[in-house]
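Two complexes follow with chain A in common, the first pairing it with chain B and the second with chain C.
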Partner chain A sequence: MELYIDRDDLSRGLARIQGIIERRSTQPIFAHVLLHARDGLLRLTATDSEVAYIGDLSANVQNPGDIAVEAAQLFQVVRSLPDSTVHFKLDENRRLVVRSGRANFKLLGVAAEEYPALPAFEVTGTARFTERDLRRLVEQVAFSVASEDVRWGLNGAHMERVDIDGELRVRMVATDGHRLALAEAPCEGEFQFPARQLVPRKALSVLKKLLGTGSESVVLEFGDRALQLRRDGEVFWFRLLDGEFPDYKAVIPKEKNHTARIKRSDLASTLKRVGILVHDRARAVRFAFTDDELEVQVHNVDRGEVNETVPLDLVGTEITVGFNPRYLQDILGVVGGDDVVLELAHPLAPCMVRDPESDTARFVVMPMRLD
Partner chain B sequence: MELYIDRDDLSRGLARIQGIIERRSTQPIFAHVLLHARDGLLRLTATDSEVAYIGDLSANVQNPGDIAVEAAQLFQVVRSLPDSTVHFKLDENRRLVVRSGRANFKLLGVAAEEYPALPAFEVTGTARFTERDLRRLVEQVAFSVASEDVRWGLNGAHMERVDIDGELRVRMVATDGHRLALAEAPCEGEFQFPARQLVPRKALSVLKKLLGTGSESVVLEFGDRALQLRRDGEVFWFRLLDGEFPDYKAVIPKEKNHTARIKRSDLASTLKRVGILVHDRARAVRFAFTDDELEVQVHNVDRGEVNETVPLDLVGTEITVGFNPRYLQDILGVVGGDDVVLELAHPLAPCMVRDPESDTARFVVMPMRLD
Partner chain C sequence: MDPVRKIIHIDMDAFFASVEQRDRPELRGRPVAVGGSPDSRGVVAAASYEARRFGVRSAMPCSRAARLCPRLVFVRPDFARYKAVSRQLHAIFRDYTDLIEPLSLDEAFLDVTENKRGIASATLVAEEIRRRVREELHLTCSAGVSSLKFVAKIASDQRKPDGLTVVPPHLVVPFLAPLPVRRLWGVGPVREKQLHELGLQTIGQVASLSEPEALRLLGSQGLYLWRMARGDDPRPVRPHRVRKSRSAEHTFEEDVLDRTLLEDALRRQAERIFRQLADGPTGRTATLKLRYGDFTTITRASSQPHPIPDAPTLAALGIHLLHRTEAGTRPVRLIGLGMSSFDGPSDDQQLSLPLAGDD
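On to the complex of A and B.
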């Protein structure tokens, strides 16, 4: 193997795989990136057996070949190189010689045959999105996925296909039992989601990093217990989680007796201040919705009190509810729009939160009993 | 106590004391800031008994008074306030009521009488510096101070007065036994340093944060086993450490048989790359100084090799030495100047590092035996 490649292209390619490689795995090979040089391309492959990334970079390949090297170290080396061109050459002792300007590294390699093979993937359907829509979909639900919950089905995001007035959408839903997030993105294609299959946390977090905010097309490919995100020169494969997702529709409130419309930035800044005095997540904060304002109140015996009012438009009668303010803050961070609407049926019923101008996302927060 | 104050002024004042307060002290009072309102000023006082900071801020004081409140929390609260004016008022339950726009906090207070009194300070001498000179002095030596060394005298920076050709300077010296840093700054004044007294690490780190890079005057005041930095509206007091500093002059090499002059940025980028393969601080890196280049070489059996050459001007014969590259990197970060000079007597003698264009700082690194 011998090739010349642009340092900054290579550095960006190696940056993308840092979220995939597992530095502390019991199998050191998962800390490696496989380099595969052929026909004007250097292919980077990284996997932890649950997710895999393949990225092709333009390169001036003198001799094709393969080698796996420690990925975090290669990234550090490449970023530090003095010249904009990098020369890779495999020596007779299976070491990758990296040259650039005055710099001259020899990095230990592992034979490509020892690199784990990626599972075969047979495409059974595809869905095409704009990059920004798919990114929004992931961002709007990822924060609600449970973390290592014993209820296995909460540890991933459920996906399904919905057809709304002839418009095809992918819906994603996540819940940790305390709050729920549901988001939809329009798409084109032919596909069916398998039942009982969830997108795990790590795949969601890699997707968030890979996806940009542009209007380019990206494709989700459907396979057997796995999905693939395909974009020009890149494939991100991830295994789905086999878990029973709860009947989320039962959690989404149908009834509303009190609807409060509030300026999102007002509520967000109030929640930020109120949070300073909340150190115990299990303690509910008092939210009193009156005809013309929302009053938020925290009394912490060890720290002090905070008391703030936010202007609102209320439809329905006054109501007082307890919330974990952190859950509302998470929602305000992803909901979009100038205003936000909170819909309540009664003080202990789930509260719906949404952007009044958009139907592509809905959020539910379970209230807490006030002392 | 009641006053109005500018939020951003107050926020900057509270930011300055965050490095002084001790959040995890066994005495919770050290996590507090004392607020003292009088005659158009709000005075902030913070201390951990080894260092203390007093800062005066302009305020519209309606009623004078004092209260101590938890400093990190007050800083968080003030930064989050919506309006540019902040209203402080002490209520009958010794709580500090903080109002700004819609926000309304009541923070628990501790009576000013419970706040530790600062020791009396009698000024026995003063030295006046430009702010940037004093900052450089501290920066150039602080990284060489030992950390909790059993040799007590290494845990602080030694200071002394030097008179060079009629110019008065303060010299600071620090060493951890592996490397030594010596820096000097010109000053004006009348003072004597007590023997056996050292500036501790925490005081150095606070000084670095307090001092800017401008040409304004700052004054060091000398007292009994303590110093004070005095600047417009601010006093930073710190206790000196009673410890025997080693005879540092014996460590500074007098002899040199090999003098290498190297472009500082070249050597710095080489050391950065070489460091990627050095994970064991106890392992020496090979530096071979030849007539026209410095060759730096690392061979790490677990990771690979790196080999780099840097152009140099050498006076004297060729020589090969082992160094911990991290120690050289630390020096290159503070030495200043386009070029750097390394002076060696023989492979196991201390190596002097300095800016050839300046006599205000000198650094010594102990070489290591090559395997």
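On to the complex of A and C.
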């Protein structure tokens, strides 16, 4: 194998796989990236057996060939190179010689045959999105996914197909038992979902990194117990999570006796300040909704007090509720829109949060008991 | 020197199963196992005496129990109810002494040397407690009375169910002598095998060693076994044990590659940890410990936002952590499960979404 490649292209390619490789895996091969050179392309392959990424970079390939090298180290090396062109050559001792300007590395490699083969993928359906819509979809639910919960199905985002007034959408739902996020993205395509379709946490975080905010189209390919994101020169494959997702529709509140409309940036900046005094997440922050303002109050015996008011429009009677401010902040970070609406039935009932101008996302937060 | 202590060990008879039979008359006289269902991978938490006649034991996989006793009735455990009964039991204990050391929901040591009723005989206190448990709780228990904790515990097991065994101080050594070494506190299967290899089958044989012999054969770490065999157990009844962690370990006779065996061990350990927990709070962190065949020891831990509610959940966390190890591909010599973070932040005030299947 011998090739020349642009350093910055290579660096960007290697940056993409850093979230996939497992540095702490019990199988050291998963810390490696497979380099495969042929026909003017350098293909990077990375996997941890649950997710896999394949990316093609254009390169001036002198001699085809392949080798697997430790990915984090290669990334570090490439970023440090002085010249904008990188020369790769495999020596007879299966070492990857990396030259650029005065730099000259010889990195130990592993034979490509020892790199795990990726499972075969048979496409059973496709959905086409704009990149920005799919990114928003993932972003709006990823933060609510549980982490290492014993209710196994909560460690992923449920995915289903919905038709809203003739518009085909993919809906994702995630919950950690305290809050729930539901989001939808319009798409085109031909696909049917099996009953259980759970996107694992890690796949969501990789998707978030891979997807940009442009209007180019990206394709999700559906297969047997696995999904693929396909984009020009790139494939991201991931296995679906095995587990039961609860009947989420049952916890989306239908009643509302109090509806507050607040400017999103006002509430966000208040919560940011209030959060400074909240160190114990067991402690509730007091939210008093009155006719013309929301009073947010923290009283922390160890640290002091903070008390702020935010203007609002309230429909219904006054109500006082406790919340973990972190949960509301997470939502305000992804909800979009100038205003945000909070809908409550009573102080111990789930609270719905949404953008009043959009029907593509809804969030539910359980309150905290106030002492 | 301290006066001779008067210690009672109370052990409820087939506690969970007896509570179920008491509260559900249709279960009386029938073999009952408290635990999962026969097709689940859970273990039996408690077996009624009718079930024990078929060989059903606690910590046995439910599937095996169902094979041993096809008529076995499986009852879902209701720990809240068992805890409530345990509280009633402790209320009876407290009429006699505050020096109560619970070992689990259904087992406790009582130091009645100076009891609130001024009863001079520990035997009479034990009789009275047993009578009140029968009359007020409609349950039976067995009791052991001795000057030493571990002897009282062995004694309570002598005439189970519904029995009382008293071992006065001058009879402690002869009482222990014929018993197998396994009955000594701290002797598990591995230690038992070592003692057998040294030709020590009974506690009496251990007691007959001279101190230098005991030191040479058992090592300084094992000398306490010799002391106990000679009726020396100075540990007092400790009423308020503040636990920072709870754990259970098991060393296999032979290194294990089969992951299902490891998972079964974790289920048993989770059951044991929760049985020992009595009424106390539970922890948020589960820790898995593995020692591979080459003695490399690793631990893996997972913390939950909430206290771990029950044994199956603790076992599930342990099994989940097992996936992060080389278990199954590398031989395992020892497996251990622990629970900690008993007093860490708990978001009790944070309400949960009413998701189906949640408790």
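Convention: the second predicted complex is superposed on the first by the 371 of 371 C-alpha atoms of A that agree within 3 Å, B and C clash if a C-alpha of one lies under 4 Å from a C-alpha of the other, contacts with A are read in each partner's own complex, and residues count from 1 in each chain.
We take it that a contact is a pair of C-beta atoms (placed from the backbone, for glycine too) under 8 Å apart; a residue touches a chain by one contact, two chains touch by 3 or more.
As the structure is a computational prediction, the values presented were derived from the model and not from experiment.
Aligning the two structures on chain A places chain B and chain C side by side, free of any clash.
Of the two partner chains placed by the overlay, neither chain B nor chain C lies in contact with A:139. Contacts of A:106 after superposition on the shared chain: chain B is touched, whereas chain C is not. Once the two complexes are overlaid on the shared chain, A:251 sits against chain C while remaining clear of chain B.
When the two structures are aligned on the shared chain, A:80 is found in touch with chain B, with no touch to chain C. Seen from the C-alpha centre of chain A, the directions to the centres of chain B and chain C diverge by 90°, a value given as a multiple of 10 for the model superposed on chain A. By the document's definition of touching, of the two partners only chain C reaches A:179; chain B does not.
Taking every C-alpha atom of chain B against every C-alpha atom of chain C, the smallest gap after superposition is 19 Å.
Common to the chain B and chain C interfaces on chain A is no residue. Listing the residues of chain A that touch chain C in their complex gives 26, 148-151, 175, 177-180, 244, 246-248, 250-251, 280-284, 322, 324, 348, 350, 364, 366-371. The residues of chain B lying in touch with chain A in their complex are 70, 73, 76-77, 80-82, 95, 102-108, 266, 269-270, 272-273, 276-277, 302-310.
For chain C in complex with chain A, the residues that touch the partner chain are 302, 304, 313, 316-317, 320, 324-326, 345-358.
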